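Each in structure tokens, the structures are laid out below.
Next, two complexes with subunit A in common: one pairs it with subunit B, the other with subunit C.
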Partner chain A sequence: MKKFAVILGLMIWGGLLIYIADDFPGWGDPQAPASVNLSPYYIEQSIPDTDVPNVVTSILADYRGFDTMFETAVIFTAGLACLFLLRSYSTKEPDVYLYRHTATGVILRIEKGGTIPVGSADFERIDATWVPHDLIIKTTCRLILPFVFIFALYVIAHGHHSPGGGFQGGVILGAATIIFAISYNLRTATRNITERFAAFFSAAGVLLYASTGVLCMFFGGNFLDYGALAPLFGTTIAGARSLGILIVEIGVGMSVMAVMSSIYYNISSNGRLNEGL
Partner chain B sequence: MIDIITSILLFLGLFFFLGGSIGIIRFPDFYSRLHPAGKLDSMGVLLSLCALALYTVKSLTMGNFLTAAKIIFIVSFVFITSPTATHAIIDAGMRAGLKHWNKNNNQDKKEEKP
Partner chain C sequence: MSSHFPAIIIIAPLIAGFLISLSSLANRRFCFPIAVAGLGIAFYSSIGLIVSVFEKGVIQYRLGGWAPPMGIEYRIDYLNAFVLIMVSGVAFVNIFAVKKTAERDLPEKLGPFYSLYVLFTAGLLGITATGDAFNLYVLLEIAALTGYALIGIGSGQNSGRAAHSALNYIFMGTIGASFYLLGIGYLYIATGTLNMADLARVLPSLFGSNVIMAAFAICMTGLFMKMALFPMHGWLPNAYAYSSPAAASLIAPLTTKVMIYVMIRICLFVFTPAFSFEFINIKGAMVIVASVAIVAGSLFALSQKSLTKMLTYIIVAEVGYMVGGFWLGNKEGMTGSILHIANDAVMTLCLFLAAGIFAYKIKPRGEILIKDLGSMFSRMPVTMGAFVVAGLSIIGVPPACGFFSKWYLILGGIKAGQYWFCAALIFSSLVNVILFFRIFESAFFGSTCSNHEHGSAHETGHHNDHEAVIDEAPASMLVPLLVSTAMLIVLGFGTKFIVTQIIEKAISGMI
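Let's turn to the complex of A and B:
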């Protein structure tokens, strides 16, 4: 009986939703309310206003810059939440240390009380759940990573003209960090892109975004009105808005990249950041 | 002339895609299925994207040439990374202790035994 009532209720609600869907404007209808009021302004005025051919970027970072600033803040908050929930600072020493002699590949197992070759260039510490020395994957990653980084920077900087922007480029940068951490190990990754660096950059990205907005207020405009920065950059108002979008996108990219790495570090090692994938 | 070469390359690439798709379904276990999957990614993508690059430079301008160069970059990166990914997956499978298929530990037969 209960099951029947649930099914009946679902059918009534589903029928209502389908009935309402009939009243929606057609797909891509030029007379639809969404495309008669504001959209034509964006499409026609994007280049005269902001010098940016990609309308999506100009809406995202200029016309609705306030919204995007808080999106970046949401990402920063997510990174912070992950850090607070997962990071544990317990310094429990492991019972067994594993070290690899880099020249020969011999693994040393050092029990408690043994001499640990700290700081020696010949030995490299490896995880307790150690993975064999995989030359193929490491070499490929070393080959690919520079191109990935360049492509990510291209995506950030070229968001004005092609699909892309701070979020996408930042995610590619973060993915590059994750690939590096997977192909080598977490210890090598945290030595190159440290936790401190990640935490600093995730805050600095949001700060760069917000301080650009505040700088506009110093030059007499509204918050995030990049056109006010024209005397600072020595360009027209449209050119200043274009440059302002670029600065903001760089901030977003920094924040996203740092948060991605930070979340990966914490999740893959249960917040201890010593061993992991 | 370029049209003919392009279509031949495209058909060859599609042939590899077809063979790879059939292989993924038909092969008996994890390891042998990854073999056609890797072929599909490297050879199929290589041939069909080369065909696209060739088709783009049919009328040779700077823009078309740059587009073709980008496609060739994609081809080279896929050509390097796809076999590495297959290698890494198989490596993970071996380390996780997945047994490879042979006539004696065939899954279907095992179900019949008891």
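Let's turn to the complex of A and C:
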């Protein structure tokens, strides 16, 4: 009965939405309000105003750069919330340690009280939930990761001209970290990109964005008015806007990358950061 | 400097949030001073803003230097300058009070806690200051996300239930926010602009369109969910009652009030009163919904055994006050509604601070029940005294501020001929009398037995039960409580000034 009422309610709701859609302007209609009101201004003025051919980037990071700063802050907050809720600082020792003898692949199971081969080059610690030793995956990831990083930097830097920018590039960087953590293990990943590193960059990236805006205020502009930075960069106003966009995109990229890693670390290991997929 | 106040008020707490996160990597002791500095600057700017509004009228601030329909604009008028002071003041006063609780409950997570605290404040301040409908949504996300985290952490025995109620809140809150976003999307399809002033200019020619009607309905539904208007209040009581007292005293006074401000802003300054009050005829229906919310909230409050649960249901009833007052659609009702935003925020702050102190002193690890407050007057006279003042204000006893906003609401109800609303207000006041005098009675005359059974195991039995032993909370918790109590009286005496100098100017030309 309840199910029936829910389905009926949803159908009425959906029907109403379809009925309303009848009043929408036609699909792709050049005379639709959304097409005639602001879009022509952005399309015509993007290059004279900001030197950025990619209109999406100039709207995102300049005309509506304030929104984007808060979107970055939302991502930072998401990472912080995961850390806040999940991170557990209790140092509970696991009951069982598993060590793999690297030369032979033999796995040692060490229970409480056993001798742990810490520092031995012949053994490597593996997760207690057993993960197969996979040479192909590890080698492939090791080979592709540098290219992934380069591509991510390209996407961040090339947001002015092609689809891309800080969010996309940052996600690629973050995904590279996650691939690394999956193909090796969490401990190796946290040794290379530590929790402190992630925490530092997630705040530093978005701080870079906000402090660029504050810098504009010191140069006599409004908050995030990159044009005011023209004397600092020694460029035209449009050129300063273009550089300002690049700086904040880099900040976004840093934050997104660090937050992705931090969220992955916390969720995959229940906040312990000791072992997990 | 002063021309940048509209931006500084938001970015000071925002940047403080990032700096807290960075400094917590070095030393946790820096977190609290940075948070205080960020909130202090925001509070100072909010005062500067209202002074400039008095001098110059509406302040417009172009973010990024772009003219309004192209870029984002902050627009400070009497209405939001008033709400900005309320939000930044509550957040600033409260941070001193929560320090002890936070240090005890979350010793290792102080950095993230303070960071989320100031980001939450930044989000709410931004929602209040913005003149752009989409920017409002982005800031809504910040405020909501930080709120979920602060509630979800819980404390002591309640952390499991806190996580569960935070999950519930996430579902409801996300649906509410998505509805708001969908409504804004519809508005953009129909008008091609996101700036509130620009929307108000374009919309009157489109009143007949179904799209506008749907946009209004969807926006309002989303906001009603966010502000926990009965019957969409389900997420609120558990979320606020089981969260850590450190988070509850920040979130409970502010979230619902700011959402009511958003409703007023959207109805009056985006859709314009011509649409909200005349073109679509939902005034009467909304007042009835609000009256039901008042009665239901009061009855639920009456049935609670836990102190914080009771307070959360009072919030549900108070939301009904403000929504009903607004939809009366006349000057008195709207004045009462806006006045009550500030009054209720301070009353709720005061009650939750007192509840936080009780939790800190007598039951650090669990829910405080009403019966735990037995003979609390002899044990914690200052805290209980403040609680009494706040309770009297909620009931509506002059000169506490609660009386005046209720007075305006009832006047508005009579003028609009909505006698059911007036009856609901009076009913709710009577229920509040029962609610609070039940507590006052046991606090004055009750025995301490229940305390010793339930709480304070650390207190050894040096003194017998009938002996009055003063055991007050630390000064860092008492001073903010006393400040908020004093504000209750100050707001009460300042009602005339607030109404004639701020609220009448805020809604002039609208009604």
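As a working rule, the second predicted complex is superposed on the first by the 261 of 277 C-alpha atoms of A that agree within 3 Å, B and C clash if a C-alpha of one lies under 4 Å from a C-alpha of the other, contacts with A are read in each partner's own complex, and residues count from 1 in each chain.
Heads up, the rule we're going with is that a contact is a pair of C-beta atoms (placed from the backbone, for glycine too) under 8 Å apart; a residue touches a chain by one contact, two chains touch by 3 or more.
This is a predicted model, so every value here is computed, not measured.
Student: In the overlay, work out which of subunit B or subunit C sits against more residues of subunit A.
Tutor: Partner with more touched residues of subunit A: C.
Student: Could you say whether A:184 touches subunit B, subunit C, both of them, or neither, answering first, second, both or neither?
Tutor: The answer is neither, since A:184 touches no partner chain.
Student: Could you look at A:136 and tell me whether it touches subunit B, subunit C, both or neither (first, second, both, neither)?
Tutor: Only subunit B; A:136 stays clear of subunit C.
Student: Between subunit B and subunit C, whom does A:144 touch in the aligned arrangement: first, second, both, or neither?
Tutor: first
Student: Under the stated touch criterion, which partner chain does A:154 make contact with: subunit B (first), subunit C (second), both, or neither?
Tutor: In the superposition, A:154 touches no partner, neither subunit B nor subunit C.
Student: A:233 in the overlay: touching subunit B, subunit C, both, or neither? Say first, second, both or neither.
Tutor: neither
Student: Help me check something: in the complex, which residues belonging to subunit B touch subunit A?
Tutor: It is residues 77, 80-81, 84, 87-88, 91, 95 of subunit B that touch subunit A.
Student: If you look only at subunit A, which of its residues touch subunit C in the complex?
Tutor: Its residues touching subunit C are 16-17, 19-20, 22-25, 32-39, 41-42, 62-67, 70-71, 73-74, 76-78, 80-81, 83-85, 87, 89, 196, 199-200, 202-204, 206-207, 210-211, 213-214, 217, 221-228.
Student: Across the complex, what residues on subunit C touch subunit A?
Tutor: Of all residues in subunit C, those touching subunit A are 4, 7, 11, 14-15, 17-19, 21-22, 25, 61-66, 69-72, 108-109, 112-113, 115-116, 119, 126, 134-135, 138-139, 141-142, 145-146, 148-149, 152-153, 163, 186, 188-193, 202, 209-211, 213-214.
Student: Contact residues on subunit A for subunit B in the complex?
Tutor: Interface residues on subunit A, with respect to subunit B: 131, 134, 136-137, 140, 143-144, 147.
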